[in-house]
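My questions will all concern the structure given below.
We just call them A, B, C, D, E and F in the order they show up, numbering each chain from 1.
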Amino acid sequence: MASKTYTYFIVSTPAPFVAHVEINRPQKLNAFIEAMWLELKTVMDALSVNPDVRAVIISGAGDKAFTAGLDVEAANIQGISDSNDVARRAAAIKRHIQEFQDSISSVEKCEKPVICVLHGYSLGLAIDISTCADIRIATANAKLAVKEVDIGLAADIGTLTRLPKVVGNFSWVKEVCLSARIFGAEEALRVGFVSQVAETKQAALDAALKIATLIATKSPVAVQGTKELLNHARDHTVADSLRYTGVWNSAAIQTSDVERAMLSGLQKTKPRFEKL
Amino acid sequence: MASKTYTYFIVSTPAPFVAHVEINRPQKLNAFIEAMWLELKTVMDALSVNPDVRAVIISGAGDKAFTAGLDVEAANIQGISDSNDVARRAAAIKRHIQEFQDSISSVEKCEKPVICVLHGYSLGLAIDISTCADIRIATANAKLAVKEVDIGLAADIGTLTRLPKVVGNFSWVKEVCLSARIFGAEEALRVGFVSQVAETKQAALDAALKIATLIATKSPVAVQGTKELLNHARDHTVADSLRYTGVWNSAAIQTSDVERAMLSGLQKTKPRFEKL
Amino acid sequence: MASKTYTYFIVSTPAPFVAHVEINRPQKLNAFIEAMWLELKTVMDALSVNPDVRAVIISGAGDKAFTAGLDVEAANIQGISDSNDVARRAAAIKRHIQEFQDSISSVEKCEKPVICVLHGYSLGLAIDISTCADIRIATANAKLAVKEVDIGLAADIGTLTRLPKVVGNFSWVKEVCLSARIFGAEEALRVGFVSQVAETKQAALDAALKIATLIATKSPVAVQGTKELLNHARDHTVADSLRYTGVWNSAAIQTSDVERAMLSGLQKTKPRFEKL
Amino acid sequence: MASKTYTYFIVSTPAPFVAHVEINRPQKLNAFIEAMWLELKTVMDALSVNPDVRAVIISGAGDKAFTAGLDVEAANIQGISDSNDVARRAAAIKRHIQEFQDSISSVEKCEKPVICVLHGYSLGLAIDISTCADIRIATANAKLAVKEVDIGLAADIGTLTRLPKVVGNFSWVKEVCLSARIFGAEEALRVGFVSQVAETKQAALDAALKIATLIATKSPVAVQGTKELLNHARDHTVADSLRYTGVWNSAAIQTSDVERAMLSGLQKTKPRFEKL
Amino acid sequence: MASKTYTYFIVSTPAPFVAHVEINRPQKLNAFIEAMWLELKTVMDALSVNPDVRAVIISGAGDKAFTAGLDVEAANIQGISDSNDVARRAAAIKRHIQEFQDSISSVEKCEKPVICVLHGYSLGLAIDISTCADIRIATANAKLAVKEVDIGLAADIGTLTRLPKVVGNFSWVKEVCLSARIFGAEEALRVGFVSQVAETKQAALDAALKIATLIATKSPVAVQGTKELLNHARDHTVADSLRYTGVWNSAAIQTSDVERAMLSGLQKTKPRFEKL
Amino acid sequence: MASKTYTYFIVSTPAPFVAHVEINRPQKLNAFIEAMWLELKTVMDALSVNPDVRAVIISGAGDKAFTAGLDVEAANIQGISDSNDVARRAAAIKRHIQEFQDSISSVEKCEKPVICVLHGYSLGLAIDISTCADIRIATANAKLAVKEVDIGLAADIGTLTRLPKVVGNFSWVKEVCLSARIFGAEEALRVGFVSQVAETKQAALDAALKIATLIATKSPVAVQGTKELLNHARDHTVADSLRYTGVWNSAAIQTSDVERAMLSGLQKTKPRFEKL
């Protein structure tokens, strides 16, 4: 993978076909300013179509935090519009929110599976980002919270939209969103927000790398189709998703990966798949 | 909060900005007759727009039951129509069910968060009501059941509609709805139907009050927006809810609560928010 | 129930009003060829309208497997079309997938509740079938996997569509679908994929029979309405399902089962319901 | 039909089973103030369940106008909230709009068909109301307009929601909504907004009465079901509406009206149907 | 095309790749009995996958009628169930309606475009069938009506579901459905129910054949994709249909038909396309 | 409006607050190559947020064509992917189509109303673009066609998705899409595809300018809200759009434009609105 330098993110290749994205502003607990979320989209859009990438891991740089959320200075609603008219300010705010949402949604739109490692402070935007990811792993010391009501607003970058769809316990979802209280990794595991807890950040990264590496050995046609079809299912009826699936696979199944995968299965060899 | 007297409900104010609604027909295990569900809507509609209320707790009066469900006399389908024509009876029944549904849905439509304390017998209508609430807490002795098939009908006041959306374990949901068997608080906690279990009714009420009080200290703009957006997300695609969220917050974020909340956060003081 | 002989399925009546369907190709670990999934639809469509059936149990014949999934020979994508044109092959594949989906969906469309006992190897198609069932029980030794990515394709017969709707833990759903790893009964119970685990296949069948028998004692009008309304709720908004429910029950509630069920409740007798 | 006196509406019975509702504030061109739209809902809700009513006609009293729209005094947005906080004002406005929408939607929710006669000035709210009606007739002199942009706001009581669904010419719909220009009856007929044009108000009322009387001779089970199913179709997929239709008619078809209607058809007599 | 004999339909091949289906019970004005609609599905399902068919024309045999609708004897609701229980009768009726709907929907599900020639009496079921077709042509003498309310029921085989989606004049749609009045070809053309009117049945068949023949010269990949995507659009949001379209064409565009069609365009020759 | 130079488009300001976009490749009948549709998005995105623009007109440069559609060289499907694997080619094609769709959809997403003047050859992409516009005007000599089936493919850039939603005559929509035949301005007017026909290109531009100028005099808050709400209505149920409308206007109505517009109405003066 051709290396590329970003201002607020480190992108490395810990294993073949696996990219590791680190939010890199550790001195500020990886808190986000506008330039960061715009760059996050640049990073994710590039990985999405990079044929050398088959799985992505996201974590924060440093020991303290995945991210403490929005940097206070970035939360300057006043500066978004210089009009005093409520409707004109509303229009400017709406555009601002949409651009912010689009940036974070790039994690979900990435065609390759994304594994999110939540460690240390994982507040506000951390939940928005992680609900866009496909798989969530937390460290034992993670401090998680849907923090937005504590600064006087309803979370608007995706948490309230996606959290009810990734966790099947609406009573818990509402409680943590309405109260903004901090919850830990064990609670997150119990309710199904994360699917694994590791003792340390390193152990969590190792676990993420293990899953990512496993996924990277599979047919990328199969893996990327699986991600797409699962996300489609989340938002559609069963009938609609079955129909979409049939059309999707009418092309995808014509891949040579099926034969290669089957042969490898019979020969107990490791299949090699063309890039995608 | 101006006190108001109801026939079947006690409404009190256990803490500032917190209302406590008690179903008050304990001698009948708080079983519902038609006048009760109509009055429930009156109660909830009033709390919904009462600026002195920021969180609501619902429980049953007495030690025995949240509610044992529909009172048998109220289940008199025969009396709904005096026609012998199947279609005309059907029309009358449909109107009756819709009015009943509307009454119970007032718990969901209440703009303020509702915490439901399920204690003792919590059968039939108890599940309909509690799935409309935002947060569910049960006492250790709670006897819960989707009881309707035992009286020959499919639950039609909301349980079958909402239970699959508040609990992410469809196998369990179907089992309890098809079998009408009683389940306890621990099981309810394990599958995610309730998010907390307390030893006694008093302990459960204390836990509810603790959450309600916490929520009541937050910005009502943020809290009420959070409830609305979570409920919207339940019924819409991610794309649709992100769009709705952007429009919602284009007005909501212009509130002075954001500044007040942030200042209080920095100054470690308790913010005071204008009524809503 | 009039007995009927099938080639790949054994259908028996272990208790009144309870049908037991066994996938019967144990020498091949109950792996599916095309004739089998077509016959499965024949079996389920017949049970769906058979008035002597009120609940259905599905398991595999033999000790080794519910089903090991698709038989390799059936996976011959090449043979589906004799054209070399990609679009024409796609059209043929799409028709093939739709017919396959329709066959498996017959388990979901069956008007009577279906309880699925997953035992031994329960791979690929086993998950497609079981997510169509209403209630899932696993044996302690069950080896479960969404196996499709291992043969180079995204699962297209229903698993990716229905699994996110029966299990409310999207991180786990994605992990097992993307990695194709095997998971066991305890894990399936913890995340809510199955609602019960039994030590042995016999114990699991006994548990299934117990639930089936209980359901079979209830009003079939109430039971079948409950299944329909729960499945409707999964795919619709709350408002839509409440409306549908009102119309559904405007006819269903006019049944004599309500009176019979209530009387039996008062008299502590066992109600007898007309066939449906 | 028991006569009932309203403040802003005249309700009469020009023919058996036909109600005529007149907006009665002719001295103000039937412009609406808040008390009027609240009363409109009272009127329509009563007609909806009145068994002596099978079809409803709506027109304006006097020669000049169906309605000139919202009375300027009622458009006092300032008075809706006494808070200066944008979010709190927004909350009050939202509640106000919803109540207003609910009032006008009562015309659509009326279970009996509603025929709207648009005559003279038919501006703003006239379009909101008429798009809720089932059948629209205009007089040759009608002056129609989606007038709201001329007072600085997007129409929010239903026109922008329903007009694209009652007229299949999106270019025209957008042009009249964006420009607020007045259009006449012939244009309305050509694009399909109205289905008939009459020379005078009286001729239009006669035409409406002719249709209403014809509808009133039909089975009310059939007529009311037809209205419900057409409105359902507007908002749902074909598959969803076919499913809903099947359930609806599973009760409705059991009516004795079918036999009566068929017999009358054979015997060339006029059928008499039980009230609904 | 291999000829096949049906009982109630004549299927011929008036031109290469064009099938003509005639409803063949002229002595009864082509009125439908149950065996007919079941056979219609057999006919359409066969044409749908017949590679020698690229367009289908439907008309009635004889001069008098496309179809006069349901045969009275087939409308025997009584005979559908031998139970006296309302709910059990409702269940039987619902199954009956669904099977009937499925039969007629086969016209819509046919993968090849269907052109419907409405001539003479075209009542009730004629509208159900024609709204399933892609293109509608009427003869000048056609007598059309949504006739169902005249026999005491709301049309339930598709008219009320599809008519509002094929005609963008909701006022007219409601008027003809609620009044059951007969309308002629010119009116049908004006409101957009049919797209062409011909003087005689033969002229209408000629016009249909001309369109069918034209369509049959085009790439079947392009034509069948166009039908599928237009029907998808009718039932989905713009965003959803764009997404579905992209997946559909990701396979379809790989066809050699594109090159052939382009070459033919340049060389002014008639392209030949492989069967589909 | 700051002038900006584009390669394939001329953007001018024929009147205050009105932008005119001309597709500028007249020597090739304004046929599109990839660089053009990418630049179209750049143009539209800029106009969308340009406060000096309140309405946009789109036409082709030169006398001959709005656009003859896709340039043949741009239709090179072969070059999209260098893989021979069907699935990998499909993935590349899908990305290509989505980017193309996104580019054209910028016309719909433009927050300001867009008026499209169709003149001369208006084939293929001309229909995709014009169905994204809000208002369509044609010249008497316009030659319109959904041309894609003639090059072997189903239109995939939006026509098949949007045409059924802008024209309420599904029979006609299907006929022109399936046959690729050319239709003229009068036919387009009759079926409601365009809302106006002008004799010459200049007359059409004058008509467009007249509407654009009229719209530009209105409150931009009202106009832009009207466009947004009409587009929302197209894709949502009535209930959903009413809810969205209430939230939208809860901010928008707080604008000072309402007061200014009302005052101007009373004083018969021309209101001046702040930019948006």
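Here is the rule we use: a contact is a pair of C-beta atoms (placed from the backbone, for glycine too) under 8 Å apart; a residue touches a chain by one contact, two chains touch by 3 or more.
Each chain and its UniProt protein: A, B, C, D, E, F = Enoyl-CoA hydratase.
Since the model is a prediction, treat every value here as computed from it, not as a measurement.
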{"item": "Common touching chains of subunit E (Enoyl-CoA hydratase) and subunit B (Enoyl-CoA hydratase)", "value": "A, C, D, F"}
{"item": "Which listed pair, A-E, B-F or E-F, duplicates the contacts of D-E in over half of its pairs", "value": "E-F"}
{"item": "Subunit A (Enoyl-CoA hydratase) and subunit F (Enoyl-CoA hydratase), separation of their C-alpha mean positions in angstrom", "value": "34"}
{"item": "Chain centre separation in whole Å, for subunit D (Enoyl-CoA hydratase) relative to subunit C (Enoyl-CoA hydratase) (CA means)", "value": "46"}
{"item": "Residues of subunit B (Enoyl-CoA hydratase) whose C-beta touches two or more other chains", "value": "86, 90-91, 165, 167-169, 192, 221, 234, 236, 239, 247-248, 250-255, 257"}
{"item": "Touch list for subunit A (Enoyl-CoA hydratase) against partner subunit B (Enoyl-CoA hydratase), complex", "value": "72, 75, 77, 86, 89-91, 93-94, 97-98, 101, 105, 108, 148-156, 158, 160-165, 167-175, 177-181, 191-192, 234-236"}
{"item": "Complex contact set, residues of subunit D (Enoyl-CoA hydratase) against subunit B (Enoyl-CoA hydratase)", "value": "49, 83, 85-88, 90-91, 95, 221, 224, 251-257, 274-276"}
{"item": "Complex interface listing, subunit B (Enoyl-CoA hydratase) residues touching subunit F (Enoyl-CoA hydratase)", "value": "236, 240, 244, 247-248, 250-251, 254"}
{"item": "Touch list for subunit A (Enoyl-CoA hydratase) against partner subunit C (Enoyl-CoA hydratase), complex", "value": "113, 134-136, 165-169, 192-195, 211, 214-215, 218-219, 221-223, 225-230, 233-234, 237-239, 241-242, 245-255, 257-262, 265, 273"}
